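In structure tokens below, several structures.
What follows is subunit A paired twice: with subunit B in the first complex and subunit C in the second.
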Partner chain A sequence: MRRFAAIARTGLVAVLLHPLRSGATVLCLVAVLVPYVAATGVASGLADEARASIRSGADLYVSGSRFGRPAPLPLTAIEAVRSVPGVRDVFPRIVGEIGIGSGRWPAVVVGIARDRVPASTPCVEGRLFEGEGELVMGAELARKLEVRVGSRLPPFYRNRSGERVSTVVGIFRSDLPMWEANLLFCSLETASTIFDQEGLATSLLVTCEPGYTQAVETALRRLKPFDDGGPHGPVAPAVTSREDVQALLPRSLGHLEGIFQLHFVLAFAVGIPLLMGTAGLGLSGRRREAALLKATGWMTDEVLLQGMVESLVLAVLGAGTSVLLAYGWLDLLDAKGVAGIFLPGADPAPAFRVPFRLAPVPALLGFAVSLAIVSVGTLYSTWRAATAAPALALR
Partner chain B sequence: MSDRAPTFLLATAVAAAVAAAVLLATAAGSAPARQRDREEFQRLVSGLGLGAPVDLSRCAAAFDPRDGGACSLRFDPVPCGDRFCPAHAGD
Partner chain C sequence: MTRIFEARDACRRFRDVCALDRATLAVPRGAFVAITGPSGCGKTTLLALLGALDRPTSGTVLFDGHDLGGASEPYRSRVRRRLGIVFQSSPMIEGLPLWENVTYPLVPRGVATRERRRIAAALLERVGIRGRDGARPEELSGGERQRVGVARALAADPEAILADEPTSDLDRETAAAVVKLLREFHAAGRTVVAATHDPAIEALATETFRLG
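What follows is the complex of A and B.
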């Protein structure tokens, strides 16, 4: 055991004897692993946020369809949906997009009836909306528009009845789920006014009695199209259940994660020759070192053990540093510089917290691949030299 | 090179590995307080957001398909253009 420890110590000495080579190897590992660990962390964090969104949402979402395309529903559809046996609660929601500000930045308008939101919430700096024309704004949008709680917005929409000044009564905290970033949260009436679409909603959110979700979904799909007597005719219902959305999640986020992993397979592929070179593949110095050790009485397996310890230390340093740097980048620096790459529409330095969760599997995979590549670079040269006659290797 | 240098290197490598392992084991990034905030926000807006985009401008379906949000490119400018939508091409 003592002999093993002594040989292992020489592996540590070997790392220190060539600081430039060791440093270059660790830097190469860090350059490849940090983006990989960070990207898979963001994908995991996004998946967690999406699951929370599904859990907190309704059992069923009823939207409208015209020409097979999404269309708003008349509010008169609420009674038809409520009358379906097994429905516990139904309420309308408006989710739409509008450009705001001099840069016409896209804002997501979400309108919900005032009696559906609590009196207060810790999520908002300021307060929630109470009357018409009051908005709660997302942190990123507030930063772009340079508004604070209490700021008044000039009219940013068109309405046949005239446009009004809006008041920002609250701003979402920046450490909430990222979908708050460009939000304009307001009452249903305010959202209707913004889009000039009175009596309509983009969806009805349905909560069902326990065990009745499937039956309610079937009944809703069989409902006659909703007709409020308007000039454009009836609107057919389209139903999305919580299970449908949960089934979509692995595909959509798996697609995102797959894109990250494909890019990093390419990065690893490019990095392999570089890593092998810095680790010692083909270096004459490594051959001479091995030959000298053999000439002084070292056995081949002892020389290889030294090389293995050297590779292991470099891989541990590279992988460990990568995880720490990835965490620092995502948490302390809020993914500055790369948020826009991971999240479409986000600024390089976003005003919201980029979701992430560092998982063991990508880090362990990265460590395993790093160890394999560095070992090949180190051990191949060492083995070639160790198995040759020392005099030949020293020539 | 001093006699302690290899020991210092070993200690550094072990410290880096332990620190990384602690971060990974505690699933760094998903603290309980953040989970509470997450749940509170989602209850407030009745469940909003499912994908990577932070607004509806790129793809409403990728942002949140629950409100009838179909892919913005599905019908215009070319029918079945959702096959080429960068938010979820190929799905």
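What follows is the complex of A and C.
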């Protein structure tokens, strides 16, 4: 044990003895790992927020289906849904995307009754919408559009009965910061006008009596198609439970994370030879040192153990620095640059707080990857040096 | 008297260059052997073969009756652990304090750091470098480096010292100090094999082996 500790100490000394080699290796590790740790941190944070959002949402979501594809529902469906035993509350919602402003910024319009606006989105300026044409905007969207409370927006939509000027009456911040990036709330009627879909909603949000959710879901699936006598005929009900939405979450986030990871793997493939190069930096010096150790009676495995400890220390330094820098990037710099990958429509430098959570798994993975790469780089060169005849390396 | 080192027709070739040609030598335990000969005759190469720092291209090199040429690397490392080697070029780990450089052979033996510092201080004092335990090799003159090399060779209390031109490039006073150390080591019943041009070392030798 004492022998092991004495050799391990020389590994630590080797890190300090070669500041250029150690510094270059740690820098390379940091360059590769920081984006990875930061991006997985944002992905975890977004997943947490999405789960929180789902938890605070409705028990069931009823939408329409035509030809097996999503279709809006007639508002007359509300009564049919409300009549199902176990249903406590039903309210309609319109959710749709639209381009807004001169840059046609993608915005998500949520048309909803005033008293149904989520409590997690308090107005920080102005008030909630009351009349038609009044909008409440996410702070980040308002910043992008350079509007404030009282600003009037020229018509940004086409409607058969004519377009109107809209007024921003409130700006909200949210417990779910990503909502601030592209959401705007308005009344159901205003949303109907914006999308030119009178008498329709994109979904009905259903709250059930405790213990009735399953029964209500089954009953809703058995409802006859909703028919308001419109020209396109009836619309079949499609029911999505909270669990269904939760199940969809990893798929959508996982997709974005997957794209990122693919890029990361490609970057990594380029980074590995670089890291191996820096880890083996000063190869002639390393060979000479290893030869000297061998000449003074060190065994090959003892020289390798020294190299292993050196690798371990460099990996800990690299991974630790990466986690700290990633934390700084996410917390102090609000994930500038990386947020846009996971939040479509968000600025590279969003003004809102990007959610993040530094989970232990990516950090540990980062450490393991650091150790593997540095070990390969360091140990290979050390092994080559340690197995050569000392006399040759010392010539 | 048993033979600690033996070479039988030992050859070492580097591609087309013959660095050592059929050297035959026997070193009894406790002897002081001077290897002499003109520059380039293979003195350093012979010492490297005897010290298990290299393998012969042909012929046999024995340590304590065991063949070093075909021995496994761990065995050869164990042999080196029993020897102290003084290199002509005094290689050291640059940037590392002298006390660490001197006692690096003790690290795999698990000697505690405090004990290593004590041993290093005593050895450095013996070779005339007092109070500079914390100095770096790059701060030393050529003569001082050579003396530190001798101190390192003595650190692990070896059975034999293989010294390659231990007094070359040293002033007379320093050379005398190194010769004195080798004499003391030999007087304690240990073996010294020195490749040298120095008449002072040749005068000490119990046997002289001439190469070339």
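The rule is simple: the second predicted complex is superposed on the first by the 316 of 395 C-alpha atoms of A that agree within 3 Å, B and C clash if a C-alpha of one lies under 4 Å from a C-alpha of the other, contacts with A are read in each partner's own complex, and residues count from 1 in each chain.
Convention: contacts are C-beta pairs under 8 Å (C-beta built on N, C-alpha and C of every residue); 3 or more make two chains touch, one makes a residue touch a chain.
Note that the structure is a prediction, hence the values are computed from the model and not measured.
S.K.: Have a look at where A:149 lands relative to subunit B and subunit C in the superposition and call it first, second, both or neither.
M.R.: neither
S.K.: Based on the superposed arrangement, let me know which partner A:387 touches: subunit B (first), subunit C (second), both, or neither?
M.R.: In the superposition, A:387 touches subunit C alone.
S.K.: Kindly classify A:317 by the partners it touches after superposition: subunit B alone (first), subunit C alone (second), both, or neither?
M.R.: first
S.K.: A:356 contacts which: subunit B (first), subunit C (second), both, neither?
M.R.: first
S.K.: On the A-aligned overlay, A:41 touches which partner chain: subunit B = first, subunit C = second, or both, or neither?
M.R.: It touches subunit B, and subunit C stays clear.
S.K.: Taking the superposition as given, does A:13 touch the first partner, subunit B, the second, subunit C, both, or neither?
M.R.: both
S.K.: Would you sort A:295 into first (subunit B), second (subunit C), both or neither based on which partner it touches?
M.R.: Touch partner of A:295: subunit C, not subunit B.
S.K.: Classify the contacts of A:3 with the two partner chains as first (subunit B alone), second (subunit C alone), both, or neither.
M.R.: Touch partner of A:3: subunit C, not subunit B.
S.K.: Decide which partner touches more residues of subunit A, taking subunit B and subunit C as the two options.
M.R.: B
S.K.: Touching A:123 in the superposition: subunit B (first), subunit C (second), both, neither?
M.R.: A:123 contacts subunit B only, not subunit C.
S.K.: Can you list the residues of subunit A that meet both subunit B and subunit C?
M.R.: 9, 13, 17
S.K.: Residues of subunit B touching subunit A in their complex?
M.R.: 1, 5-7, 9-10, 12-14, 16-17, 19-20, 23-25, 27-30, 34-35, 37-58, 60, 62-70, 74-75, 86-88, 90-91
S.K.: Under the definition above, what is the set of subunit A residues touching subunit C in their complex?
M.R.: 1-7, 9-10, 13, 17-18, 288-289, 292-300, 302, 387, 389-392, 394
S.K.: Which part of subunit A faces subunit B closely enough to touch in the complex?
M.R.: 9, 12-13, 15-17, 41, 45-46, 48-50, 52-58, 61, 63-65, 69-71, 93, 95-97, 106-108, 110, 112, 116-118, 121-123, 140, 172-173, 175-183, 185, 202-203, 205, 238, 240, 245, 248-249, 251-253, 255-256, 313, 316-317, 319-321, 323-324, 327, 330-331, 342-346, 352, 355-360, 363
S.K.: Considering only the defined contacts, which subunit C positions touch subunit A in the complex?
M.R.: 45, 48, 51, 53-55, 73-74, 77-78, 80-83, 85, 87, 89, 91-93, 95-96, 100, 104-105, 107-113, 152, 156
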